[in-house]
Amino acid sequence: MTDPAISSDAPLPRRDEDDRTTINELKAVVARFVDERNWHEFHNPKNLVMSLAIETAELMEHFQWRTPDESLVIMDDPEQAHAVGEEVADCLAYLLAIASKLDIDLSTTLRAKMVRNAVKYPVPPKSEPTEP
Amino acid sequence: MTDPAISSDAPLPRRDEDDRTTINELKAVVARFVDERNWHEFHNPKNLVMSLAIETAELMEHFQWRTPDESLVIMDDPEQAHAVGEEVADCLAYLLAIASKLDIDLSTTLRAKMVRNAVKYPVPPKSEPTEP
Amino acid sequence: MTDPAISSDAPLPRRDEDDRTTINELKAVVARFVDERNWHEFHNPKNLVMSLAIETAELMEHFQWRTPDESLVIMDDPEQAHAVGEEVADCLAYLLAIASKLDIDLSTTLRAKMVRNAVKYPVPPKSEPTEP
Amino acid sequence: MTDPAISSDAPLPRRDEDDRTTINELKAVVARFVDERNWHEFHNPKNLVMSLAIETAELMEHFQWRTPDESLVIMDDPEQAHAVGEEVADCLAYLLAIASKLDIDLSTTLRAKMVRNAVKYPVPPKSEPTEP
């Protein structure tokens, strides 16, 4: 049986890609882009973290004047949804570039950090949310 | 000769996890953490993008007074390497939380963005690096 | 009738200092601090703008989990008020250091920018607030 | 005797304005701009600190791909100098808006912070610069 996503002419089901894409596959997408353009001279970690901060601010710009409630429905506006997606992608691209450059295994690092976070913020005994 | 990482009882080699971990698996790690603590009240997109910006700044702090060249060898110092890894993990955790909250498929969105970036920054004909 | 702030022996009322302090006086406070510590090697503009971003994020941290309404009353808590004041001062110190290093006259530049902003955002004819 | 800056046709001496302009005068420039546009609804402290972070990132953008040495001469390029000045002015405008909204006397707060910083970073006995 063939994968319908490959065999058919239908567009790829958008929602499923994160379910089948590994971190390294996305790291490779970004690394190839940088390689092809010969940008390694500029892509030192200091510059890359500045870039991540800049892209994060561009993402924030979409939420700057919205209330928290309004921020919850931002994706209802297709134009906003597209723009927000673009900024999230830019943030991810730089974060993956940083991880590749610093040789950080994100899966291991994230899981280890969440274990430490769980010690710092224990699960409350079924009650009020504690401030994060 | 067999790969010792596979044949022995030694812990999995750290570098391989990103090769077998999907985006959704990491999204799930973060989502479960937030669920267990009942933090959804605080985790609206407006607050989450602020949080990403704050964690990014904490990452930047490690590069603030280093030269670009010094930033290239930051991971040679084990203490710095650990601290930088923690901040990268925090950034990734918030970025995954944002994507989950906004229902963004990161793999699709990143690839689509890189296609648009490739149009914006065409591969140069084997020459000097162009400024990114 | 004389100004009691001048005529009495009482300590100067805190609220009045911004009324009698020039930009250059504050620039000088920061410049002397940097000079005395011989930090000019580190204080290139690239590092200073990173520093401003880091301090701004530390200021944001106090507002991260507050609602906009809660942010309006943050100064009612004396401990919070002190901490927020410290971060605002750090932001201002770096902004003044940047202006000194780049030889920017802030008063001229700010006024000129506000004139351009006024063209971009004309005063509405007594009606609803327009989004900034 | 009349002020030559007023009576003559010569442009105002740019460098001197910070020497004669008080913090409150600049606070008033920003406050009037916000008042006239009736933006107080949007200008809660949470939104304003996000705005400061966004403007700071726009300032950082000009230094993103420059080396520290290149950042030292950024003002030699008139176009860059103008653009950098605009971003610095935007940062200052939001910082003044934050201070006004939170009723912070910047002169008092900055001086008090620098005194605490001086305790934290004592002047070294005429030697190597210590890292800030």
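Points worth noting:
We just call them A, B, C and D in the order they show up, numbering each chain from 1.
In the analysis below, a residue touches a chain if its C-beta (ideal position, glycine included) is under 8 Å from a C-beta of that chain, and two chains touch if they have at least 3 such contacts.
By chain, UniProt protein names: A, B, C, D = MazG nucleotide pyrophosphohydrolase domain protein.
If you're wondering where the values come from, they're calculated on a predicted model, not measured in any experiment.
Considering every other chain in turn, the ones in contact with both chain C and chain D prove to be A, B.
One copy, chain B, sits rotated relative to the other, chain C; on C-alpha atoms the angle is 180 degrees to the nearest 5. Where chain A touches chain B, the two copies mostly use the same residue numbers: shared numbers make up over half of all numbers in play.
Between the Cα centres of chain B and chain D there is a gap of 33 Å. Distance between chain centres (mean CA atoms), chain A to chain B: 7 Å.
With touch defined as above, residues shared between interfaces to two or more other chains in chain D number as follows: 42, 47, 50, 53, 56-57, 60, 63, 65, 67-68, 131-132.
If you draw each protein chain as a dot and join the dots that touch, every dot ends up joined to every other dot. On chain D, the positions that touch chain B within their shared complex are 50, 53, 65, 67-68, 131-132. Interface residues of chain A, counted against chain B in their complex, comprise 12, 14-27, 29-30, 33, 36-47, 49-50, 52-53, 56-57, 59-60, 62-63, 66-72, 74-75, 81, 84-86, 88-93, 95, 98-99, 102-114, 116-118, 121, 123-124, 128-132. Those residues of chain A lying in contact with chain D across their complex are 42, 47, 50-51, 53-54, 56-58, 60-61, 63-65.
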